[in-house]
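Notes for the one structure printed next.
Lettered A, B, C and D in written order, each chain numbered from 1.
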Amino acid sequence: MTTNTQGDESLIIVMQKDADAADVDHVVERLHDIGAEAHISVGRFRTVIGALGDRQVIQQLPWEAFPGVERAVPVLKPFKFVSRDFQQEDTVVDVGGTLIGGRRFAPIAGPCAVESREQLFASAEAVVKAGARVLRGDAFKPRTSPYSFQGLEEKGLELLAEAREEFGIPFVAEAVDPRDVELVSGYADIIRVGTRNMANFTLLSELGKQSRPVLLKRGLTATIEEWLNAAEYIYKEGNHDIILCERGIRTFETATRNTLDISAVPVIKGLSHLPIIVDPSHSGGRRDLVAPLTRIAVAAGADGFMIDVHPAPETALVDGAQAILPAEFATLMDDVRALCSVMGFEL
Amino acid sequence: MTTNTQGDESLIIVMQKDADAADVDHVVERLHDIGAEAHISVGRFRTVIGALGDRQVIQQLPWEAFPGVERAVPVLKPFKFVSRDFQQEDTVVDVGGTLIGGRRFAPIAGPCAVESREQLFASAEAVVKAGARVLRGDAFKPRTSPYSFQGLEEKGLELLAEAREEFGIPFVAEAVDPRDVELVSGYADIIRVGTRNMANFTLLSELGKQSRPVLLKRGLTATIEEWLNAAEYIYKEGNHDIILCERGIRTFETATRNTLDISAVPVIKGLSHLPIIVDPSHSGGRRDLVAPLTRIAVAAGADGFMIDVHPAPETALVDGAQAILPAEFATLMDDVRALCSVMGFEL
Amino acid sequence: MTTNTQGDESLIIVMQKDADAADVDHVVERLHDIGAEAHISVGRFRTVIGALGDRQVIQQLPWEAFPGVERAVPVLKPFKFVSRDFQQEDTVVDVGGTLIGGRRFAPIAGPCAVESREQLFASAEAVVKAGARVLRGDAFKPRTSPYSFQGLEEKGLELLAEAREEFGIPFVAEAVDPRDVELVSGYADIIRVGTRNMANFTLLSELGKQSRPVLLKRGLTATIEEWLNAAEYIYKEGNHDIILCERGIRTFETATRNTLDISAVPVIKGLSHLPIIVDPSHSGGRRDLVAPLTRIAVAAGADGFMIDVHPAPETALVDGAQAILPAEFATLMDDVRALCSVMGFEL
Amino acid sequence: MTTNTQGDESLIIVMQKDADAADVDHVVERLHDIGAEAHISVGRFRTVIGALGDRQVIQQLPWEAFPGVERAVPVLKPFKFVSRDFQQEDTVVDVGGTLIGGRRFAPIAGPCAVESREQLFASAEAVVKAGARVLRGDAFKPRTSPYSFQGLEEKGLELLAEAREEFGIPFVAEAVDPRDVELVSGYADIIRVGTRNMANFTLLSELGKQSRPVLLKRGLTATIEEWLNAAEYIYKEGNHDIILCERGIRTFETATRNTLDISAVPVIKGLSHLPIIVDPSHSGGRRDLVAPLTRIAVAAGADGFMIDVHPAPETALVDGAQAILPAEFATLMDDVRALCSVMGFEL
C-alpha cells in the first residue's frame, strides 16, 4: 500500500501493454509542462498514470494521441460552477416574484406558439385560472421543415407582454438567434433555449451576458454531462439564473415522439444545484400522455413543468397533437396539488 | 370522395413513382391469392394499395420485395390477444391470493440472487414486515461475464420455498433455460423471464404451456410492440396470466445503467389489458435512484414494482450496487402508501 | 376493388376503432378547407382516409389531435428540391475547379483547427503533396466545454487564405454564428455547417442566401430525413451547391466516439441528388480507425472524405486523438487510389 | 512522482469528496480479503484507490455499494481468452477445408430459411457457381411474431445435408434451443447463434461443449465488449472455433432495418484474434443495400460475409425484402473479387 498526497487526480491515463519507459516519460513530461503532477503506478503488465492538477487544462489535451497510451479516463466532471460540489444549497430563481427551485414548484403552461391574440389570451386566461405561475408561448419557432409556420416574431412578443399585463403572470419565450437575444430579453421574463440549440454555444454565450433567467432545454441526444456543460457556458459568462428542462431523448422506441428520461431529475439533483423542470408535452408528443407524464414529473421531484395548452388543438399551427385543452389542464392541476403535497413541495 | 366497405385495412402498400400497371396487378393478384382484398387509389404520381383481410397472413409477406413497391406500412398492430381491442377490462393476476392489476398495487421485493439461507431470510423477513406482497429471489442467474456467480440452482429454489412457508409470502424466480421450466414451475408462484430472454421464443412457448403466472421483463432494446409480441407468444399457447415489467432500455446516456422508459406504463395501459410493473433497481443500477424511481412508478400508474433489497449490499454476489437496505425499503414503503392513496390504487 | 384518380396521396389518416361518422366528416371537412381531397376506405372495424393534395400543407396539420384519429402516416417525404424525384442527375459542385459529386472523388484533409501558421502550413503542404484536393481547417470551434480552445477566428481565416495561395488548394471552414457567415464567406471556398448546427435553421437560412457551396454535416442524432430537410432549408433560399457529410451518430456503443452510419451513403444516393462525403476522423474518434473507415467510405460509393491531418497530433488543441500524421495520410491515399479505381471513381 | 510495482491495476475506485478514512479503510480491507492489493492516492479533495489482482475476482464485487465510493472504473477488459492480449495471431477456423480468418475471405450465401428442396437447391446451385464457400439456410427460425413461419426443423436440416452432398459445400444453420444443439450439430458444419440469442448463456455454454465451429451474431444492442464476453462463454467451455458476425445494431434511424456498425470490424480486429464477418442482408434489411454493404464489408477488412440469396424473394416465407436474386449475387461476387485483391485477401 502506497500513499500519495500531492493534489486532485482529474484524469487516469492507462498505458498500453507494450508501452515502454520512453512513452511513460513522454506523458509525464507533458504533464509537468502544463503544471500538473504525475502519479505513476507500475503494474505487472501495464502502467497507470494519475494526472493531478487543473482539470480544465489536463482534460483538454489529446492524451490518447500520445504514443503508448491506451486510454484516458476522466475522474472529475468537466463542469464546475453548476455542480453541487461548488454550491451545496439549491439555486432558487426569482421570476417576478415566482420562485423556481428549492422545493417551490412552478407550473408553466400556455400555447406552444403564439398564433393570435384570441388564441393566446384564451389559453393564458385558462391556465392562470387553473393555477399556472408562468405563461409559455413562442414568437420564434425553429422548425424541422422549412415549409412549416415559423412564428409571429416581434408581434408575438408584444402579444405576450400584453397577456402579462392582462393576467398578471410572467412569461417565457424562446430565442433562436443570437441576434435576437436583446429583442427577446426586452420583452420576456425568462428566455428559453430550445432543444436544437442546447449546443449552440454562440447563443449560450450571448445569454450568459444578459440579465434574464434562462430555461435550458436538454438537447435531443445530449448526455446529462453535456447538458450541464451547456449550463456552465451560461453560468461562467455571469448569468447564474438557469433552469434546466428535461424534454425527452431520442431512442429506438417509436410509440412516443421522444423517450422521457425521468431519471435525469434525481440524477441532476445529485450533480447540480440548478432547478430542473419537465416538459411532458414534447417528451411524449401525444395528448393522452400529458397527464401521466406530468404526475410522474411531480413524483420525480422536479421543480416544475411546462405544458402546451391550446384552446383548439386541432387548429394549432405547431405541435397540436400534443396540446391539451384548458379544461384538461384544470383537472390535471388537481392531481398536481395532491402529489406536491405528498412530495413536500410548495405550489 | 370515394368509399369502400369491404373489410379491415391492415396494410398500406405504397408503389414507387415509376411502378407500372403490371406491378400493381402483381400485388393485387398476390393479395387475392391469400384471400385478401385490394383497395386501389391511383394518385397523380403514385398508386397506393390498401390490403384488407387477415393481418397475420398479410403482414407476413415480403411486400417490399415486389417489383415496383416502395414501402408497406402496417395499419393494425401485429399482436391480437394481448391488446385492449381484444379485451377491454384489465387482466388481474391472482398469485396465491395477492392480486396484481386492475388498480391493486403489488410491491415485490427481495434479494436479486439467493446466496444463502441467512441472506434470503433476513431480506424476506424485512420486506414482508415493510409490506411487500411477493418475494423476489433468483436461483438461476444469466450473467454477462462467464466468470460471475451463476446462482444456487435447485438449492436456491428450495430456500425460496422455505421462506414462503416461514413468512407466508409467494415468490417469483427466473427461468433461463426451457429445460428448467418444469423445475422452476414446481417451486415458484410466478416465473420470471429476464430481459435477455424476452425474445427467447423457445422459452416463451414453454412458459405458455404451463400454469404459473409469468412476469415478462422488457428486452434491453425491445420496442413496446416487440414486447407485446413476446407476451402474445405466451398468451396464444394458453397461459393468460402475464405481468409485464419495464426495466429500462439501452440509450447513449451513461449516468444510469439503463434509461427507465416510464412512458411505457401509460402507453401499455392504452394498448393492452395486461398488468405492468416497474423495476427501479435494474433501471437505474444505482442505490440512490431506487427511491425516486419507485415513487415515479407509482405516479405513472404502474400495477406494482420489483426492488432488490439486500441485508448487506456490499457483500452481494450480484448487482449489489443497486440493492437497498431493509430499513431504506421500509421508509420507501411509507412514500408508496401515500402516493397509492393519491393515485387511487389499493395497496 | 375500387379505383380513385384524383391526385397524390401524401398522408394516410387511420381512424380509431370507435370513431364515428362525425369524426370522419370532421377530418374530411378540414381536408376540403385546405384544398385537399379525401379518399375514404371504410373497413369492418376501422376507417382509413387518404389525403390527396399539397404535401406541405397537409402534413403540417395536427391530425392526431382530431377527435377519433388514431394516427397519421406520411406517404411522401417532407423534402422536395433535394430529392431524386425532383432531379434525377447527380449534383456536381464546382469548388475552384475541383468537382465534387457525379463520380468525381474529393479528398479533403488538413488540421481540425488552425492553431498557427507553422501547424497549418506543415499540414497543408503534406496533404497537397499526397493528393488532397481541398484543405480543411477551422477558425471558429464550437466546443462542448466552455474551457476548451475556441479558435483563432478571423486570424485563422487569413492564414487559411494564405495557405490557399501558397499551395494552390481551395479550403473549407466552419461558420458557427449567423453573424459570421459574411465574414467566413469572404474567405472560404466552402462553408461548413458543424454537426451541432445541423438544425440551427437561422444559420442554414443565412447560408442559403450566399453564394459559396455549403458542406452540411449530419446532426449527432439526426435521421436521414431530418438531414435532408436541413439541406432543403439551404436549397430553397437559392443556394443549390450543397455537399452532405456523414460523421457518425450517437448510439450506446462506447468503443468508438460515434457510430459511423455508413449505410447512409447508399441510402442518400437513392433519395437525393446531392453529393455525400464521409468524415472518418470524427466518426471513430480514434487515430487507428481513420484508415479503415476511409477505405470503407470509398467502397460505400461516397463522393469524398474529410480527414484531420496534424503534423504533431499530441500537441493539437482540438481532437488530437483522432488526427493522423502526414506520412500516414500519404500511405492511405495509395489505398484510396486503388479502391477508387475498382469503384469506377475519378480521383 | 511516486511509483508502485505490486501488480496489474484492474480497477480504479474513486472515493466521494466527503468520504472519510474509515470508508477508505473499508475498501482496502475488502480488497485484502480477496487477495488483491490496494494502491492509494490521496488528492486534495478526493482519494483514488487502484485495485491490483485477479480482474475477475475484483470486478465482480459491488464497489459502488460501499459507503463513500463514488464510482469504480475498470481498467482491464472483462474477457481474456478471446483477446489479442491472450493470443497475438489470428484464429483461422477450418470448415471442411474452407478456411475463415487470417486473410482468407469466406463468402457465405443461401436462403434465409429452408422452405423446400426446390428453393434450397436453386439457391445453393447458384451461390456455389458464383463462388460462395459456405451455404447458409435455417431450419429453426425464431420470429418476433408468433404467427410467422417458424422453420422446417429436422426436415430442413436433412435438405441442407443433401445440398451439401449435391454441391460439395459445407453449411451453417442456426440452433435456437439448447435442447436442439445436439441435433443441429449432427448435421451442420457451423452452428449459428442468432442475434436474439447472443446473451442466451445457456445456449452458449451448450455450444462451448460440442465440436462444431460457432458463428456468433452480435446482439441487436450488444456493445462490442458484451459480444466478446459472449464469445468468452463459448471459448472457456473448450470450443475455440468461433466466428463473429456483425449484423447491425438498433438506433433511432428508420431508413434501414438496423444500423450496420462497420467500425466494429476494425475495432474487433484490434481487440480479438477471432475472425469476423458481416451480414449485409440483415443489417440493412433492404435488397438495394445488399451490394453496397457487401463492398463495404470487404473494404473494412472483414473475413467474409453472409448474404440471403433467394430464387424468388417475393415468395420467401422469411425476410424476402432483403434477399437478392442469384444473378445479382453473381455480379456482386465480381466486385468482391476485385476488392479482395486490393485489400490483400485470398478469396
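We take it that a residue touches a chain if its C-beta (ideal position, glycine included) is under 8 Å from a C-beta of that chain, and two chains touch if they have at least 3 such contacts.
Since the model is a prediction, treat every value here as computed from it, not as a measurement.
C-beta contact counts were set side by side for A-B and A-D; A-B has more. In this assembly, D is the chain whose CA centroid lies farthest from the centroid of subunit A.
Centre to centre, using the average C-alpha position, subunit A and subunit B are separated by 31 Å.
Chain centres here are Cα averages; for subunit B and subunit D they lie 26 Å apart.
Between subunit A and subunit D the centroid-to-centroid distance comes to 38 Å (mean Cα coordinates, whole Å).
Counting partner chains per residue, subunit C shows two or more touched chains at residues 221, 250-252, 254.
Touching subunit A in their complex are the following residues of subunit D: 1-9, 12, 14, 17, 28, 37-46, 48, 50, 52, 73, 75-76, 85, 250-252, 254. Across the complex, subunit D meets subunit B through its residues 30, 56, 59-66, 78-79, 142-149, 176-179, 196-197, 199-202, 220-221, 226, 229, 232-233, 236, 250, 286-287, 313-314, 316-317, 319-323. Of all the residues in subunit C, the ones that touch subunit D in their complex are 221, 223-225, 249, 251-256, 259-267, 270, 283-284, 288-289, 292-293, 295-296, 298-301, 335, 338-339, 342-343.
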